[in-house]
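Order of writing sets the chain letters: A, B, C and D. Residues in each chain are counted from 1.
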Amino acid sequence: MEINWLKVLGILITPVIAFIVGVTYGGLTRIITARIQNRFGPPVTQNFWDIVKLYSKKTNIQHGVMQHLAPVFAITASITTLYFVPVIRESTVFTNLSFQGDLIFLLYIMVFGSLGMALGVGQSGNPNGAIGVSRGLSQMVGYEIPFVLAIVAIMIQFKTTNLNDLIAMQNNFNHWIIFQSPFAFLAAILAFLGMMGYAPFDVVVAPAEIASGPPSEFGGKYLGLMMTSRSIFTFAKLTLFTDIFLGGAGDFVTLVIKTFALYMIPVLTGIVNPRFRTEQSIRFFWAWPTVFGILAVLIVVW
Amino acid sequence: MFSISGIFITTFVSGLVAFLLHHSVPKIRDWFSIVIMGVIVYAVWELPVKANLLSFKLANYNLVFGNTEYGRLFALIVAVLGFFAILYSKDFMEGKPRLGYFYMAFFFSIGGMFGIVYSQDLISLFFFWEIMTWSSFLLVIYCCKEAQKIGLKYFVFSAIGAYSIMTAMVVLYSSIGSLQFADVFAGFGKMDFWSQLLVVVLLLMGFGVKSATMPLHVWAPGAYRITPSSFTAIFSGALSKMGIFGIGLTLFKIASATGFYPWVQEILAWIGALTALFATFYAVFATDAKTLLAYSSIGQLGYIVTGLAIGTPLSIAAALFLTVMHAIFKGMLFLATGAVYYRTGTTDMTKVSGLIRKMPYTFLTALFGIITVSGVPPLAGFSGKWMLYESLIQSNHYFLVVVIFFSSTAAFLYLYRYIFSLFLGQEEKETENVKEVPWLMRIPMLLLALATLVFGVAPGLLLHPVSAAMKYLGDFGVTYQTSVLFNEWGNKVDMLTVANTIGVVFIIVTIIITIKGYRSTRYVTTKDIHTSGEVPTENENLTYAVDFYKPFERALGSVLKASVDKIYNATGRILEQSFDYLRYVYTGNGQTYAMYVVLFLTILVVFSELIFGIKL
Amino acid sequence: MINDKYANKIVDIIQNFARKSSLWVVAYGTGCGAIEIPPTMTSRYDAERFGIRGSATPRQADVLLITGYLSTKTLKRVIRTYEQMQDPKYVIGFGSCTINGGMYWDSYNTIKALDQYLPVDVFINGCMPRPEAVISGFIKLQELIKEGKANGAQKYKENLEWYRENQRKVIKNWKMPDYNW
Amino acid sequence: MNLTPVQFVAIPLFAAFLIPIVAKISKEAVKYIPGIVFLYLAYVAFTLFPKALEKPIVEIIAGFKPPFGIVLYFGPTAAFLVSMVMVVGFVIWLYSFKFIIREPSEKYYMLFMMLITGATGIMLTGDVFNLFVFFEITAIAAYSLTAFLRDKDGAEAAFKYLLIGSFSSTFFLLAIALIYSNTHTLNMADLAVKMQNVDVTTKLFILILFISGLGIESELFPLNGWAPDAYSQAPTPVAAVFAGIVVKASLYALLRLVFLMFNWSEVFYLLLVLGVITMLVGEMSAMRQHQIKRMLAFSSIGQMGLIVIAFSIATVPSLQAGFFQMVNHVLIKSLLFFSAGYLVFHSGSKDISALDGLGKEKPITSFFFAFGALAILGLPPFSGFWGKMFILMAAGNSHLLLVVVLILISGIIEAVYYLRVISRLYFYKETTKEVRRTPVSGLVAMGILTVLIIILGLYPNTILAYLKPAANDLLHRTEYINAVLGQIHL
């Protein structure tokens, strides 16, 4: 078979772009947080330098091979997720492998990373880490329901599970799914809050009670890899939501605008909110978001 | 050799021979069993596919045996898993008492399963069903005194199941006049509504007991926990599949001819989904590894039942695919747990931890196992789950798919709990001189692990026999390529691409972070962790193993209180009590007995008009 | 391959810049000085401008901030924390107590001179040092890092025996895992 | 000498009288007499069987032609039952060979022979009063065998048995008196004809008397109070004899009379209900017994209920099933009693709780018990499976689904208490005591039964061929009447 070099190019540079955008978003978040707290805040490149610093740590410790591989799992999951999400609509370069997979596949590959992380954290032997994982998994069970309800509603409505078809169907502004089935969007975005893990759903990495939970034994390059994968993963998730609800993006400008708009929702919620206990957050997800999701499905059915 | 009778005779006779060998020359007992099992695997593989291979008349019933594609699928599961289990048993069972008994019951249950999958009439199916039941019962009570109550429960529930099948057979026989599948499938449509309903319900009930479908599952956790792990693999991997086998036949060959078929489908699908849900919840809060796995298999069987009940080609494909996969991965996990038990002597997850560096191969097996169960790509569990979801969505079972998805997400909880508590976490002082299990035990586990990988990358290999089996169940066709799965809307997922992407990225990053010279990493023990400056002492247990999911438990609240098991136990107690009172009818007092006689006479005389219609 | 000397130099420059511009502090609130950390971090003085932020565990931290006097009891924990940190790592002695015992100069169970037990890169004088002072101390540390002179960890490794000896003097019932570099 | 059915009655009787005399000479020789008798009679039975299948053999005693003389009717049913009795009798003899060590053994064998005489007589005779006589012989032999051990419990049990048994004979005799006063004949075939012009109420009263009289011996529910004590207190082989021979014989008598004279649907319905109740009560009260032999007694009551159900469905397949189940019950229950006998003997106590860990001490006997338990639960590949199967199918064919369900439920109850005993035997206690041997004769006896059970389970056709004519013979009275009286048109 002949190789489509454009594809290869896309595959090579998409992670880089994702990384840059994700890191920048991270910096911006810190600035915005600072401004809301009436501070000046760090430079926008702060996260980038943090990551570089972590990579440039001279020594690192590990408790075993699983901990060594955990960040690798994480970043693998992020990059794979990214590859199976069409970044730019109808472009050869940036719809990397999105024709080979579909939504349900994405739902599952997104878990891959957290599973690997959980294994590594487990081997690190730090009880705080295990507690964090247990909280995280419980919370995941919480927000999975509304999210799946929303996704199911959309799949039934548009009779496809492939993202590219979804994007193609929302070719113009008023066909965006956010307008077509707003309840699905509500449910999904509320679940998205949980996914991003900002307050009030940051019980997983609550630094004050369980010493930042899962990553508490990770330092140096491991932490660096984790932060990298987090930035990429953030971008991937944002793009996914953009594709599903906001009709994808034709070029990078719209992409950035849409993703940033989406990104601000969890960030701004996070800044002004305290922290839920685990059972509280699970209960929360099973209350209104689920209702919205069921509404979305019912509306589609009728 | 490659005749059905050959397979039966080999299996049962070698069961007896193993028993005798144990009492004469125990040295060659194990190898004998292993060799025989290998031969049987070959025979089952070579057995020609023909509807009527062996038929004879026994007690004025025609007994017919044949090898259909559908039966062949299950027969292969049984044979291969049996081979692995018996390979594993050689070292695992060494030095345990009553080994002859063990091997005999083992072979008998295997033979019973062969009989079930090959039988072409209900009589022989029931015959072998009962053989399977009592031989597996013998293995449940095999271990010790505490197993007896559990075994009794298992037997009683199996008896309830078997007898409901029997009743269905009676009804069928009285209205059709023959019990051969051919006649039954042909004649069932012509029966009257009520007997149709009765038969379908009874059959589903009967088979549902073996496939541990709620609310008939209560025997499963105890029985799976107490049996020796090398047989638990069969128990959960193959023996429970007999229920699935029967449910498949009932649904597509019998119930599909009736008017209430859609209702049966809906109800059964929901039963399966709820089974999956609640079983998952119980698994999350189990503290014994084997109990956890038992509940997990109940849940997985719930998926399978749902898939069968939906009845679209894709869902059936998913169900059968999951059937095979469940046999594989639950076999792996039970064998791995058995390995842990073999070395540490317990399967209590709050007692063992940090075995990864001691038993790397076992850990690898368990890892592949949980990844497969959780359905995370690229391993094979994903393909089955994917097909199941797609089929559910495309047959417009919106809320069903949510329930299924929810329970399979909750599955992550117990899977992580399983692997964390046993293999990860703090390395305990008690287990510091634990070694890896012998090779004969490793090989089956690793081969099964390899199978999950292969079928994950190329599900087509497995979908080929599955689709053949579907042809037998009805004109169901499913489109697939060696590595590509399609749903009914034409969307696809290419497992090969997925596997390649994950593999390439993973390897590259691994190389980058592990190359020599880049930022040296040093290994520190699991005691050397951040404890706010404190120095943990040697015998200080830092593992977080008890009440692992307390928050989740709080969130669920009183959902977990509901337990059908309590109801059953109460019923049993009450019945026994009443029987205990009833036996005092026999006072042991002559006068009383005499009085009974007189009473009987007088009653007959006085109520003669009632009884005989004649006034005296 | 380009000239190793220059390559390493460039790499060093980048790394040092990165290290300087992101200092993660594990603040072991040993003494009364800990009260000065919150204002330093929060809106009034906003240390995050310089990339300084707290970190939850020593594994992730770069700077160990000893805020005030150390009793012999806490010294043990501090040493443990320091040894759990990963290179490159820096120590900031905070307040007079870490220099000469300060107002506890004649106390029987406080550490008088911290740098006998841990390699201190920067001392911040005063009792209490105000947030401005703290920040200036951090800036000083950043300059040192940039020039590559903040090599306390190096010193610690080189004359470990000496440090251990001092530590053993004050810490009775010495039960510490050795510093296996 | 030519073989005639009369030998079945004559030879055991002769042997019974011979035994005390031989005992004067040598006590050892006595032991062998019953064996020889059984072997010979079995041979006779099997040679006569084919003839009986072609045409029922009717033998006239003392020259008077029926209906005036006494006839022995050796039809397929009788042939089947007699040969069953012979086989089982032989096995039981083999077992008691070493088990009845206590003197005076010759009395035991004599009574045993008497009992066999009575039983075969019941099965063969064609005359109601003869039936009564043989019935009494059997009963008296049974009473005295119950008390054979000469201990307090045995005496008590025997007394109860006697008490109830006297009721039964009274009723029986009363019925016969009524019959004779109404029809002036005692020949059963003749009665079958003549009873039609007896007025209904009398007939009904006779029937009631018959049912309550013979029901006592054949363990129908409210009348079987004697059974548990007798079974549990009598020596083990005797218990086997009760379960295998006495009960079956009296049940046969009851059925024969009913089928001949009172084949009304109500009667069968009544019998069906009685059977169901007997089965359920038997199983339920067996569930919580503390003594193993008592448990077995109740379980055999339950089995009798099952058999009665099978017969009272009164179709050819159901009768076939009933006969098959009879065979099963005889074989399996004897096996259980035998093994239980030695287990009790060695544990030294009759309680089930005393059986813990005997599986190690007495592996073979315990194995036989376990085997019997699995077999009587109707598990394949043992013969019990087919018996239950046939009965269920027959019940289904005559649309008695409720009965089917009840039978299965009783099966579950049965499973519970039998499996408990198995658990106790093998898994409750890991004893390290040395293996204690069971006498060879006993083992051989049990072995024979086991083999028979397996054969019947794997290939039930062996006896099914003979069951169909038996069923027909019992079901259709015309053949009987014609065979005895020659062509008479009803």
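Just so we're on the same page, contacts are C-beta pairs under 8 Å (C-beta built on N, C-alpha and C of every residue); 3 or more make two chains touch, one makes a residue touch a chain.
Nothing here was measured: the structure is a model prediction, and the numbers come from that model.
Participant: When I count C-beta pairs in contact, which pair ends up with more: B-D or A-B?
Facilitator: Of the two interfaces, B-D and A-B, more C-beta pairs touch across A-B.
Participant: How many angstrom between the C-alpha centroids of subunit D and subunit B?
Facilitator: Centre separation, subunit B to subunit D: 44 Å.
Participant: Hey, how far is the Cα centre of subunit C from the one of subunit D, in Å?
Facilitator: 98
Participant: Roughly how far is subunit A from subunit B, centre to centre by C-alpha average, rounded to an integer in Å?
Facilitator: Using C-alpha averages as centres, the distance is 37 Å.
Participant: Between subunit A and subunit D, what is the separation of their C-alpha centroids in Å?
Facilitator: Using C-alpha averages as centres, the distance is 80 Å.
Participant: List, in ascending order, every residue of subunit A touching at least 2 other chains.
Facilitator: Residues 57-61, 211, 216-217, 220 of subunit A touch two or more partner chains.
Participant: Got the subunit D residues that touch at least 2 other chains?
Facilitator: Residues of subunit D never touch two or more of the other chains.
Participant: Quick check on subunit C: which residues sit in contact with 2+ other chains?
Facilitator: Answer for subunit C, listing residues that touch two or more other chains: 57, 59.
Participant: Which pairs of chains touch each other in this structure?
Facilitator: So the chains that touch one another pair up as A-B, A-C, B-C, B-D.
Participant: How about subunit B: which of its residues touch subunit C in the complex?
Facilitator: It comes out as residues 522, 527-528, 530, 532-535, 537.
Participant: In the complex, go through subunit D and note every residue touching subunit B.
Facilitator: Contact set of subunit D toward subunit B: 159-160, 163-164, 167, 171, 200-201, 204-205, 207-209, 211-212, 215-216, 222-223, 225-226, 228-229, 264, 266-267, 270, 281, 284-289, 298, 374, 379-381, 385-386, 389-390, 392-393, 395-397, 399, 401, 404-405, 408, 411-413, 415-416, 419-420, 423, 427-428, 430, 459-461, 464.
Participant: Hey, which residues of subunit C end up touching subunit A in the complex?
Facilitator: 14-15, 17-19, 21-22, 24, 42-43, 46, 48-51, 54-57, 59-60, 62, 86-88
Participant: Going by the contact rule at the top, pick out the subunit A residues touching subunit B in the complex.
Facilitator: Within the complex, subunit A touches subunit B at residues 55, 57-64, 66, 68-69, 71-73, 75-76, 79-80, 83, 97, 100-102, 104-105, 108-109, 111-112, 115, 118-119, 122-128, 130-131, 133-135, 137-138, 140-142, 144-145, 148-149, 152-153, 155-156, 159-162, 165, 211, 216-217, 220-221, 225, 277-279, 282-283, 286, 294, 297, 301.
Participant: Going by the contact rule at the top, pick out the subunit B residues touching subunit D in the complex.
Facilitator: Spelled out, the residues of subunit B in touch with subunit D are 58-60, 97, 123, 127-128, 130-131, 133-134, 137, 141, 144-145, 147-148, 151-152, 155-156, 159-160, 163, 166-167, 170-171, 173-174, 576, 579-580, 582-583, 585-586, 588, 590, 592-594, 596-597, 599-601, 604-605, 608, 611-616.
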